[in-house]
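Below are two complexes that have subunit A in common, paired first with subunit B and then with subunit C.
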Partner chain A sequence: MKLLEVEDLSVEYHLPQGKVKALDNVNLTIDKGEVVGVVGESGSGKSTLAHAVIRLVKPPGKIVEGRILFNGKNILELSDEEIRKIRGKEISMIFQDPSSYLNPVYPVGFQVAEVYEAHENTNMRKLNGEVVSLFKKVRITDSEVRVGSYPHELSGGMKQRILIAMAIALKPKLLIADEPTSALDTTIQAEILSLLNELKEEYSLSILFISHDVGVVSEIANRMIVMYAGKVVEEGPAKRIVEEPLHPYTKALVLATKTTRKKKLFSIPGTPPDMLNLPKGCPFHPRCPYAKDSCKEWSYRMIRNHEGGVACAIYENTGSS
Partner chain B sequence: MLEAVVNRMLQAIITFIGVILLVFFLIRVLPGDPARLIAGFEARPEDVQNLRHLLGLDKPLPLQFVDYMLSLLKLNLGISYKTGGPVLNEILARLPYTAELAVVAEAIAVFAGVSLGIIAGLKPRSFAGYLVSIFGIIGSSFPSFLIALLLIWVFAVQLHVLPAFGAGSIQQLILPAITLALLLTGNIARLVKSSVIESLSTNHVTTAMAKGLSDEKIIFRHILRPALSPVITIIGIQFGSLMGGAVITETIFGWPGIGRLMVDSIFSRDFMLLQGIIVVFAVIFLVVMISVEILQTIIDPRYKEVYKMK
Partner chain C sequence: MKILEAVNVYKYFPIDIFGRKKIRAVDGISLHVASSETLAIVGESGSGKTTLGRILSGLVKPDKGKILYKGSSFNGFHGKVQMVFQNPDSSLDPSWQTYDIVSEAMNNRRKSLDSVAEVLELVGLNPAYITKYPHELSGGEKQRVAIARAIAAEPEIIILDEPVSALDASIRAQILNLLLDLQEKKGYTYVLIDHDLGRVWHISDRVVVMYAGKVVEEGKTEEVFQDPKHPYTIMLLSASTSNIPKPKINVSIQGELPSLINPPSGCRFRTRCPFAQEKCKVEEPQLYNVSREHEVACYNQF
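Presenting the complex of A and B:
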């Protein structure tokens, strides 16, 4: 059963220097209870995708095309009031840098209680008990005391737990996690990941998990989507992508993750593409070890099979080899 | 909290002593002999000398300073050279007028400035956005006498709806209060506008939106409140200055406030009175600034650490 279907989604940023296509005809589905990971370098459009799903793309960004079906309803056609009722209740979001995503002037417990207030019209004063038990659920020690703390009094890992508490308060169907572990230490990272894994089981949450780290994503995701320059270049089961990546970009990404662990650094040659001025043909060809002349003429096409797909000229039957 | 307040009070007392020291000696450097002024230019030198002795002006300056500090402890600000009455009474007679004008003017400016600033911050290209720029220009480039005269010309001379001067009734309060408010609104509005714009793009506003909060809760709780601290500082400074008397506005509207009293005391070399006014002004300003800091710690708890560290 499909929970979320993103169809041909395009998002553009109109900057003074020109137009940037942050997302270019992106397709994506998430089933109930499924965790889909989205990986890619900075600027690949993965974060824009995360924000677009609950219509939080900040200006000058604009969704220009496509449909986002959540439980069959097109999110892009909802009124502001209708989308407000979905945010935080059915789809919630956690973010990369927990410090800046909490309001510095309110106690964290209050900020969590706001979720109930927004959707259930409950009196804020009666919520203390619920917030405390929620804090316990995300394993915050001294919950009773912590509800009254201010963000600047807490550690980064603790703040991310609070954002998670906020996100799961109303048992949403879909959780969007935008690089939730990237700003944290490795040990805290592992704790947060296992917490998310646990919550996923308990609430049968679907998660859209965004990260630049293939390793992190493979620990939690069932399926994985690889993005490059605003396009999906590969899609498939997470296990398969980590073990046998198809797209040259995915191969490089996976290699980069694996070698880091062996302390021998591998880095993808070249620099991420200039989004204002994308290379013609396959956007990855200037950095691709397998590139042929024909790659400069190649037009984007996803070659699909039953479990995923890849968008690369190497795998096209019409190609020479 | 209490500890922090006491701490600030102690700092304020040190500042206060510094102010008195400075004022006391600066005033005595001014040309002109108060004894001569009181006695009149035809008075005999020995009469002037007697008077000087009576007023304690023949003592060495440091001794005069000690005398003054000791009398301050008893809340005695000295005797006015000109009227012979206690300085404190003279000031207390004028202070309510200044306070009334300051409170009303500041209240109008805060109300207008904050609401304009919010709207302009949320929609910079709206009518409110341009209005903020206009008020900003008025506040920074129009002299108060020009605004005062324009208002008098329109409302008193042409329309005959409001009195041009005097004090005591609400009608008489309106024009001077609006004159001052017009000057202050721009600053507040500009600051609120830029704070709101800055606050709008912060990440915690995204979180608030992702929670599904209503627009007004997002605006008031998550955009406005974190943006308020600098605004409160400005309001405090404005209000503190107003309590020191708006000399020009008070003069034009014939408002018997402390600003005019101060100017009069300078012209008549009434050192004791002038000194007393400045001392009272310093106390008021310090009280206002401490209140600002306390308010800030309430609005934004991060300030607690800022002020405790001092």
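Presenting the complex of A and C:
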């Protein structure tokens, strides 16, 4: 069953220097209990996508086109009051840098309890037990003591667990995780990933997992979406994408993570595109080893097959559409 | 040949005004770096690896212990050791043009547009970059300028403190390739501080594993990765998502780094170690050789 359907979503930022199309006709679906990974470089639009799904795109950004159906309801047509009821309750979010989302002057237990207060009008004093069991769920040791701790007393991994506790407090259906492990150590990252996996099973939670690291996404995602310059360039089962990437950009991303001792790494030439001034045709063609002259003219389209798709001129005649 | 050596180095940072509470960032470390090799220092954040890097570069004076450059004491090797930091945004002065940034590291006789252009060419930037300010550069270009500044001083040793962690995946490979290239051309000695084991496996010759201010394992990268002897090393290897050799036994991650103000008695890793015994509480295991160049500090044998 489809929990989230994003259809032809476009987001623009109107900057003094010009217009940036941060998302360009993005399509995405997430089933119940499914983990969908979104991979791309900084500036590829992946965070904008995460924010757009819960309508948190702030000016100068604007959602200019598309539909976001959550449980059949179009999020873009809801009133501010209605969307506020969904945020935190049915769709919640965790971020890369937990410290900037915690208030330094309140104990963390209080901040988690606020979630219940905001959505269920529960008296905060009665909540201590709930918060402690929630802390246990996200594997915080000494939970009884920790509810009284302030953010500065906790490590980065611990703070991320607090944010996860906050995010799952009301048993949401969809969790948006925007680079949740990028600021953490490898060891803590592995723990957070296994925690998310566990919560996914327990709550049959769907997760939209955003990261620049293909390796991390493949640890947790069932399906993967690769973004470049605001467009989806490849979509498919995570395993297939890591083992047999189709789009030259995906190939490059996967190859760049394959380390061999003392040998040169495969590297993508050039730099991520200037979003104010995108190249004509396929936006990847200036960096693409397979680029032909025709790529400058090629107009973007997703060539779909039964399990996903790829947006590249190479597959123009081989794929079925 | 040992080009740089740390002999029983300590660095404690006081955290209250009376100096009674101290963070034991580096707590008795000895190591050496051989000429033209890449030595990697790995560990979680808070393990003391950055402090150790700064001590090796001369930026931080150790409380106790010595740093030897080619066998003699630290003074007077200014310029021979350079550093590249994780975040070029904070290590490059935003009001300086590339020329100023790079030429500052050169001695006055060499300062000229030509010599700056030469150094920029080595890091893959064309002369047009001479007049650019940091805000006009992308993350990868900034890091190239930071590397240019380091090599402009004609160093022998470059300390790389998480040089690519802040960069995009596609740019990381470019910068790592550049570093390998420069080493091949100029014979630099690298000390790479990194938490990513994939990168350490990729470019280092030897590796030092740090835990809570101490060295727990040290040896040739191949040997340590393929036959890790310390449970902490095994845990780090198990946690990595990079394609590196997977350890034979799997040590799952538990807990977090202990307080460095009040570290556990005995072995500091015992609070997270699935193999901890009574003995580990009482007495701290010392480094011993498991093979000629492979040392470990653990009572268990794997």
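The rule is simple: the second predicted complex is superposed on the first by the 310 of 321 C-alpha atoms of A that agree within 3 Å, B and C clash if a C-alpha of one lies under 4 Å from a C-alpha of the other, contacts with A are read in each partner's own complex, and residues count from 1 in each chain.
Everything below uses one rule, namely that a contact is a pair of C-beta atoms (placed from the backbone, for glycine too) under 8 Å apart; a residue touches a chain by one contact, two chains touch by 3 or more.
Fair warning: this is a prediction, and the values are worked out from it, not measured in the lab.
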Task = Using the superposition on subunit A, decide if subunit B and subunit C clash or fit.
result = fit
Inquiry  = Taking the superposition on A as described, I'd like to know which of subunit B and subunit C A:Val115 touches: first, second, both or neither.
reply    = first
Request  = Determine, under the contact definition given at the top, whether A:Lys89 touches first (subunit B), second (subunit C), both, or neither.
outcome  = first
Query = subunit A residues in contact: does subunit B have more, or subunit C?
reply = C
Message = Contact-wise, after the overlay, does A:Ile68 reach subunit B, subunit C, both or neither (first, second, both, neither)?
response = neither
Task = Determine, under the contact definition given at the top, whether A:Val310 touches first (subunit B), second (subunit C), both, or neither.
result = neither
Task = Look at A:Leu56 in the shared chain and tell me whether it touches subunit B only, subunit C only, both, or neither; answer first, second, both or neither.
result = first
Message = Touch test for A:Ala165: subunit B only (first), subunit C only (second), both, or neither?
response = neither
Task = Identify the partner contact of A:Gln189: answer first if only subunit B is touched, second if only subunit C is, both if each is, neither if none is.
result = second
Key: Smallest separation of CA atoms, subunit C relative to subunit B, angstrom   = 6
Key: Complex interface listing, subunit C residues touching subunit A   = 44-46, 138-141, 168-174, 176-177, 180, 195-199, 201-203, 221-222, 235-236, 238-244, 253, 255-257
Remark   = Note: in the complex, subunit A contacts subunit B through residues 54, 56, 58, 84-89, 92-93, 95, 97, 100-106, 111, 114-115, 117-119, 150, 152, 163, 166
Query = Which positions of subunit A touch subunit C when the two form their complex?
reply = 41-42, 141, 155-158, 185-191, 212-216, 218-219, 252-253, 256-262, 264-269, 271-272
Contacting residues of subunit B [partner subunit A, same complex] = 201-204, 206-214, 217, 221-222, 225-226, 299-302, 305
